[in-house]
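Okay, got some structures for you below.
The same subunit A turns up in both complexes below, where it pairs with subunit B and then with subunit C.
For the complex of A and B:
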């Protein structure tokens, strides 16, 4: 790892992000959604699942989506080759990109939460949970970005990521039975665990989210190994 | 360093297709070495193996006294420059920002950007967005990128193929200058004139094998019929073999005042290629 090279990748990707309309519109989604929600809330504020729905939208539509788009584009336009043939290591490249994605997520999430009320999130346990969830989506984005060869192909992968992991609280609005199998499984998903943690302050839920993050990291590693080995 | 590049018994197989069967050659430090061959003969594959982008199936490869196992190190990568056949630039960024990225990745001083833009005749495009450039301009930015860190050895995969004759000639002069300053150049090209002009030695690659290797002059001499073509003022062409007993014949012709010109019969590299491989070099 080399900080100058990470800095160079960061600078390049930040400039590129600011000129890419497709990437630039993604952070607007959670912000607009939270603006709409803030009108619905009334005096006692929004229910916790609604707050976390915004978080899920921000992480899936900004973190995972921009990471996989950026990587897929480097693959598609063959620019990744130039980076790989330079002294920059793969780690330098990924970290440089992750910093850009992290910055954009932070801006989008902070703005969104400011509209719907940021106070419930200003607790150390909640922040740690959010960081873990960010890493979960980041790893998914990197893993998928590694094997998608074109920007167009990413949307096929982004949809399930969004609906399964970003919009999980929506399950509650489907009117399914409390004890239906779908709800039970959905309750184990990272976003639902964070909601549970928020309501009960259980560290157990944090552990479950950590396991999800670890699983996403392993998924990324497998994608990386697979990409390295085929010519 | 005895060899800039040394390749022995190199073989590359893709699935059940053998792209390179068995090639051996070496490139001396300070040399311009040309790898010539028709489309699909394995030129790009050879460069990819020499730069560590692909692994070989068999054989030994050593570049700048480094074995293939260490081609991935930052130290090795910063000693070589690469212009690959389909490398590309960041289209939304300016020429300057593209070069700045690579300056920083290679730890080269930023003032190299303007030096290189001058070299490739693109000073006026400095702050242009890459997507607005022509193909030939992009190619020249890529060349600037490949040379920005002053590598000891550069691999150029058809560097002038997208350029008009004027810019191609400009780049060729630039490469000659670069070589005079000590840079070793490994180049692939379809352009036989370019190879004749530029290369100290060339190798003909065909069907995964090197079929001929030597300096352009030596090859042209080797495949020459060793005859003189004498052109007379009344439009006749006489072919006279280069033999001692023909000396008087040529002397008499010149003395008679009929001779307009005497040409040697050295074939062009393109003709030799056709003869050796049975293929046109396109």
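For the complex of A and C:
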């Protein structure tokens, strides 16, 4: 690992982020959504699943999507050719990009949570949960970004990620029965586990989210190995 | 750093001969070949993973400005030369604030040069580095080669244009199916022995003089004034008229004798140029010279250091 290189990538991608309309519009989505929801809530505040819906949207549309887009663009334009002299320098690129994505997610999430009321989230346990969730989406983004060859293809991969992991609380509105298999499976998803944890303060749910994050990390590692051996 | 030995096995299609070439660390080597042969050679070179070939095919960050791009590569490669010096030596200071997507091809090429220079691979291999760029950019490239030689990094240039090969390199090889062959180096001192021809006969027929060239079974007669320049290939002269070339049966020395009276000048060991059609005399920074022709192709012909005096005398230049 080389901090100078990580710094170089961070600086370059931050400048690029500011000039890329496709990336720049993504953080606006959760902010606008939270503005709309804050009008709906009234005085007693929004129910917890709605709060986590905003969190899910922020993570999927900012973290996963910008990571995928940034990596896919480098793949598409072959800008990384000649930059990667060793696997170590590849790690530098990913870390540098993750820092940019992390910064953008933090800004988007903080702003949107400020609109709908940030107080329920100012607890250590909740913050740890959010960090785990961030890592989960980040790993997903990196993994998918590794094998997408064009920016256009990322939207196809982004959709399932967004609907499955970002909009999980919406599953309840599908009109399915409480004990149907779909709801049971959806309840195991990271976002539902975090809602559960928020309401019951059980560390059990945290463990499930940690397993999800670990799985995403393994997925990223497999994609990375596959990419390395391909070329 | 020391020199580098380049070894290439026979190519897949079999046309590429096995090559073993040792690159000197303080001089620039060029290999001149046709484009098919060049592509095979590049393939063979890239078998060696440690060699990064310069070919301007990879992308740059075109939303960012020239300055941002160069700054990024400067940091990434941990280049020891200060950033302002890089910008000035690649003539990028004037367009530093311009986003890359608005830059001209020449400006882009200079960013590519800067990137490759900062990457500082060992050895440096360039594929068609000055194809389609302006004179200023060629000059920055020649300056870069000089710095590369000072850094004791061997450099190899692959071109399909002999003028470029002679302009850029100290040692030029020609790659053909039969193998690698060193081309005559223009030292100027050892002028070849010009075989004596009967001057009387050429002078009497001067007014009717045409140059015969063979194409398949036809013989075409060219008016000397049509000809842009004549180059030597494998000991045989070739007439070049804009984009087309026709081979002659005689050698360059014989032709030179005949065409002198028409204002043709032997400006290089392998070139005779029609002075009527010369538009510019370009002085490169390495104390090398080129002649730019006034034909639609705007060909640049190498002009030897030893021959510049003759041109200056002829045009009363000082």
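In this text, the second predicted complex is superposed on the first by the 226 of 231 C-alpha atoms of A that agree within 3 Å, B and C clash if a C-alpha of one lies under 4 Å from a C-alpha of the other, contacts with A are read in each partner's own complex, and residues count from 1 in each chain.
The rule is short, and it goes like this: contacts are C-beta pairs under 8 Å (C-beta built on N, C-alpha and C of every residue); 3 or more make two chains touch, one makes a residue touch a chain.
Computed from a predicted model, the values in this text were never measured in an experiment.
Enquirer: Clash or fit: subunit B and subunit C on subunit A?
Expert: In the superposition, subunit B runs into subunit C.
Enquirer: So in the superposed three-chain picture, is A:20 touching just subunit B, just subunit C, both, or none of them (first/second/both/neither)?
Expert: In the superposition, A:20 contacts both subunit B and subunit C.
Enquirer: A:178 contacts which: subunit B (first), subunit C (second), both, neither?
Expert: Neither: A:178 stays clear of subunit B and subunit C.
Enquirer: Quick one: subunit B or subunit C, who's touching more of subunit A?
Expert: Looking at subunit B versus subunit C, the one contacting more residues of subunit A is B.
Enquirer: Between subunit B (first) and subunit C (second), which does A:11 come into contact with in this model arrangement: first, second, both, or neither?
Expert: Touch status of A:11: both partners.
Enquirer: Identify the partner contact of A:119: answer first if only subunit B is touched, second if only subunit C is, both if each is, neither if none is.
Expert: The answer is neither, since A:119 touches no partner chain.
Enquirer: After lining up the shared chain so the two structures overlap, which partner does A:87 touch, if you call subunit B first and subunit C second: first, second, both or neither?
Expert: It touches subunit B, and subunit C stays clear.
Enquirer: Pick one for A:79: touches subunit B only (first), subunit C only (second), both, or neither.
Expert: A:79: touches subunit B and subunit C.
Enquirer: By the touch definition above, which subunit A residues appear in both interfaces, subunit B in one complex and subunit C in the other?
Expert: Shared contact residues on subunit A (touching subunit B in one complex, subunit C in the other): 4-5, 7-9, 11-12, 15-16, 19-20, 77-79, 81-83.
Enquirer: Inside the complex, what are the residues of subunit C that reach subunit A?
Expert: 52, 57-64, 68, 71-72, 75-76, 78, 99, 115-116, 119
Enquirer: Give the list of subunit A residues in touch with subunit B in this complex.
Expert: Residues in contact with subunit B: 2, 4-5, 7-9, 11-12, 15-16, 19-20, 77-79, 81-89, 231.
Enquirer: Quick check: in the complex, which residue numbers of subunit A touch subunit C?
Expert: My answer: residues 4-5, 7-9, 11-12, 15-16, 19-20, 77-79, 81-83.
Enquirer: Touching subunit A in the complex: which residues of subunit B?
Expert: 14, 51-55, 74-75, 77-78, 82, 84, 86-93, 97, 100-102, 104-107, 145
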